[in-house]
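As structure tokens, here come the structures.
Shared between the two complexes below is chain A, which pairs with chain B and chain C, respectively.
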Partner chain A sequence: MPAMRRAMIPLARRRSGGGTVYHDLGNLNLTFFASKKAYDRQRNLKVVTEALRRVCPELDVQATDRFDILLKGHHKISGTASRLSRKSSYHHCTLLHSADRSALSSLLRPSCTGIQSNATPSVPSPVANLTDHAPSLQWEELLEALVQQYNSEFGLTSALTPVSPSDESLFPGVGNMEAELRSWEWTFGKTPKFRVETQLELRDEQLAAGCSAYLHMEVKNGLVESCRMDIPANWLPLRLSSTLSEVLLGERFCPHRAAAALTVFLRSESGQLHRRLCNLCEVLLAVMG
Partner chain B sequence: MAAYGLFRSFSSGFSTVWPLLTRSALFSPLRLAPTPYYGRTIASSSRLSAALKFTDKHEWVRVEDNGTGTVGISNFAQEALGDVVYCGLPEVGTQLAQQDEFGALESVKAASELYSPLTGEVVEVNTLLADKPGLVNKSCYKDGWLMKMTIANPAELDALMDETAYERYIRSIED
Partner chain C sequence: MAAVTRGSFNALRRLLTQQYRRRCFQPQNLRFNRNLKPLASRWDRSPQMFGSRTLRTAVAWRGPIVQFKLSDIGEGIMEVTVKEWYVKEGDKVSQFDSICEVQSDKASVTITSRYDGVIRKLYYDVDGTALVGKPLVDIETESGSELSQEEDVVETPAMAREEHTHQEIKGHKTQATPAVRRLAMENNIKLSEVVGTGKDGRILKEDILNFLAKQTGAILPPTPVFHEIQTPGPAPSTPAATPMSIPAGVKPPPTAPKPVFSGKDVTEPLKGFHKAMVKTMTAALKIPHFGYCDEVDLSRLVLLRSELKTTAERRGVKLSYMPFFIKAASLGLLHFPILNSSLDEGCQNLIYKASHNIGLAMDTSQGLLVPNVKNVQSLSVFEIAQELNRLQALGAAGQLGKSELNEGTFTLSNIGSIGGTYAKPVILPPEVAIGALGKIQ
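Moving on to the complex of A and B:
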């Protein structure tokens, strides 16, 4: 999260479930719309793998039974998610052509290591760009091949038609939909309950002193449900640690909101206590990402 | 009747008893009997498997004694979905029209939308599913219930399929 904020990368949660992906202009997103009856992810992925084999016959690409596409049997170049409604469906997948690999790995690395929950564990896979193994593969060439293969597979003769996804006249309501998919309530407010258990390393620079404190926090629907900090009483009076915990209750598990809530509280102390409180707040906000 | 209603509410969590009773007084078209209706207690065991009504989208609804409808998905649906890993359910208080999308169940297959069988207001959501989404597969008619709602228009129930009609329906689509 902090890396994302620094790089000013927007976050959205999709309605098709599954894991987190990093998108930039080197990562092609393909969406296959079909009726519910015609929903067939393997067939769609076949369009992708056949198209790739046409433009680069030497490429070893294979769709797995988990609907990933692997290069040379172990580099993931595509992942899939989908949504079924009453009569229709969409299946979308990524295709790593030339994405920024270092941004991808730093942004998808969890910043908080003490998180426990019942959420489905994320299975990180070693990834690769197509251009790492087929450097001459041009973006436009890839698009053309996909269009041709799609037409061939589904018996169609459609041409590639550019559209602007943010065109409100073409897609009425898309602006509102985007806002909703990026809203805190949708991206974080539906988060399954999780626990944070970690050691906080506190420091008092002026006295060159430090201590460890244990943090236990429970977060439900993105809000702090409980917070306990075991801070040695000779570092900070117990009344201050417990009041600080109380200030956080009900707040979003978010450094901005927590910082705002804590600012008022910090003003009440001075000197050594103030210094140590500021350090504690800093460390806490870092845990929140 | 009232005593039985109390027992049924208790099994889903004591803390929900009073809110359910108050809400049903405001919204339910059915009234709780003011005196215990002893004639009904003999039928109590069959009420535990009270009639399910089904939609063509494989959701079921069961009318409880307090007049609310418990909603879930059928065995056919849970088998088709595969292992459910996440349940996206509505907030309590959400107003739903019949056939409105009220959430989605995520499985390996896809995120599959859920449609409201009736018009009404969500009064309870199965919080067990947050930690145990697999209950939808293991116990789709009992512990894997999804939500409870008021029944604003009881006539809508008449148009839904009973168990026999639903079984016929499944056989016809499987062919």
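Moving on to the complex of A and C:
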């Protein structure tokens, strides 16, 4: 998260399931809209693999039974997610053409260690760009091939039509939908319950002293539900560490919200312990990412 | 539904025979409540049935309860996680209303109701694991409700509109934006019961608020024509209720009954930021305060700023009056460094701070915060304006961090920006002074 903020990369959460995706202009997003009856992910992925084989016959691309597309059997170039409602569905997938791989790996690395939850663990796979193995493949060429293959697979004759997804006149209400998909309430406020259990390393620079403390936090729907810090009483009086825990309760599990609450709290305490409290706050904020 | 007569027993019997014939019903799913005695006493609550929060106890009779099972999602998936419930026990649902969202590891599916009725039981909590083929919810169906088959879906490879913001209620689409829909859901209102006043009958936020006001009897701000808002009260005359006896010769009062306010107190525990504020403000008010007020003629400042404003804008900086005040404060602190100091614990020592880190009170989404401009003594008015813009942008984005919020040495509070003329500010410990600025008049 801190790397994302520094790079000013926006975050949105989609309505279909699955893991986090990094998108830049080198990563193609394909969405197949269909009725629920016509929902067929393998068929859609076949469009992609056949199109790729047409433009670059030497490419060894294969869709897996988990609906990923692998290059040469182990580099992931595409992942899938989908959403079904009563009568309709959509299946979308990525296609790594020429994405920034270093940004991808640094941004998809979890910044908060010590998280435990019942979420499906994310299985990181080695990824590759198509252009790593087929450097001459142009973006436009890829799009054309996909359109052709799509038409051929589904027996259609549609041409490629460019649309602007932010066009309110074409898509009324899209601005509101975008704002909602980026809102805190949707991106973080629906997070299933998770625990943070980690060791905090505290330091008092002036006295060149330090100690370890255990942090146990429970977060539900993005809000701190419980917070316990086992800090030795000779480092900080119990009442201070427990009051600090209380201040975090009910706040978003977010370093900005926590910073605001903690900064205000720090004003109410002064003296020698202030230094140690400041250090504790810093360490806590670092845990939140 | 309001008139429940003896004839309804026959209707009930007819319903049962109809439903036995329908293949959707397994005999063991039918739980018919033979105890119909409470009928009479429930009459007075029946008008509240539509769109009311007391729905749970207000149904006039018990209908047959159907166990709605989680149907096959496909691909051999046997279990899914329940991500979100769109209904809760006691809610009225129509066929095709969204009931919940479930997720397998890559597909997210909206489950919609097959029946009209009232939700009686949810079988899983959020994040619980739901099993395919096992009951998901219990729905108490209304009498005479049609249990139709799923229509054949016409296959179109072209785009099918996602139904997230629409609810099909008996063929009539109810339009509402996600924000309005959420407001309705939070207040337990079914969109089908709200009259939409927007384009094409679209439901607007005002429509939800009006609906809510009618429910709780709250008085809305006066509209051009004043309407008396009345809550649905008990039905005034039913054969079973005691008839109102008006003594002969006494005229009944000509005015309509006084609106009954049925709102309840809401308790909200103090959390996080606000709790910290309580502590800090309490500590702050323990500091003995001395206040001094004055009025200053700012005509020359107003002129100067208007001259510099365009130059600043060309350099990408929005210039308000605050950078001038902040710089002026810093110049003042050079003359009176004691105002830029801090007392240690026990008031043993006075620490004169070298940097003038002047804070500006800001209302942000994180709360009332005081980010500060560091080292104002070394900055020009223009540089202060730049830094202020940056802090304001962070404040607006809810992204002020500890480096912006910590280590302030002096604070200014601009009450004028919200139209105030005078204020009595509170010193923010560990500082020793604070200035409040009123509106330029």
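Definition applied: the second predicted complex is superposed on the first by the 288 of 289 C-alpha atoms of A that agree within 3 Å, B and C clash if a C-alpha of one lies under 4 Å from a C-alpha of the other, contacts with A are read in each partner's own complex, and residues count from 1 in each chain.
Here is the rule we use: a residue touches a chain if its C-beta (ideal position, glycine included) is under 8 Å from a C-beta of that chain, and two chains touch if they have at least 3 such contacts.
Source: prediction; values computed, not measured.
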item: Clash-or-fit label for the pair chain B, chain C on chain A; value: clash
item: Which of chain B and chain C A:L84 touches, first, second, both or neither; value: both
item: Partner chain in contact with A:S125 - chain B first, chain C second, else both or neither; value: neither
item: Chain B versus chain C as contact partner of A:S268, first or second or both or neither; value: second
item: Touched partner set for A:S242, first chain B, second chain C, both or neither; value: neither
item: First, second, both or neither for A:S111, with chain B first and chain C second; value: neither
item: Which of chain B and chain C A:T191 touches, first, second, both or neither; value: neither
item: Which of chain B and chain C A:Q148 touches, first, second, both or neither; value: neither
item: Partner contacting more residues of chain A (chain B vs chain C); value: C
item: Chain B collision site on chain C, chosen from 91-99, 199-207, 289-297 or 361-369, when both complexes are overlaid on chain A; value: 91-99
item: Doubly contacted chain A residues - partners chain C and chain B; value: 15-18, 39, 66, 81-86, 89, 118, 120, 190, 192-193
item: Chain C contact footprint on chain A (complex, rising order); value: 5, 15-18, 33-39, 66-67, 80-90, 118, 120, 154, 156, 173, 176-177, 180, 190, 192-193, 224, 243, 246-251, 255-257, 259-272, 274, 278, 281-282, 285
item: Chain C to chain A touching residues, read off their complex; value: 73-74, 83-84, 96, 98, 103-110, 112, 126-127, 153-165, 177-179, 269, 271-273, 275-277, 279-280, 282-284, 343-346, 364, 366-367, 369, 398-402, 405-406, 428-430
item: Interfacial residue positions of chain A with respect to chain B in the complex; value: 15-18, 39, 66, 81-86, 89, 91, 118-120, 190, 192-193
item: In the complex with chain A, residue positions of chain B that touch it; value: 57, 85-86, 88, 101, 104, 106, 108-113, 115, 130-132
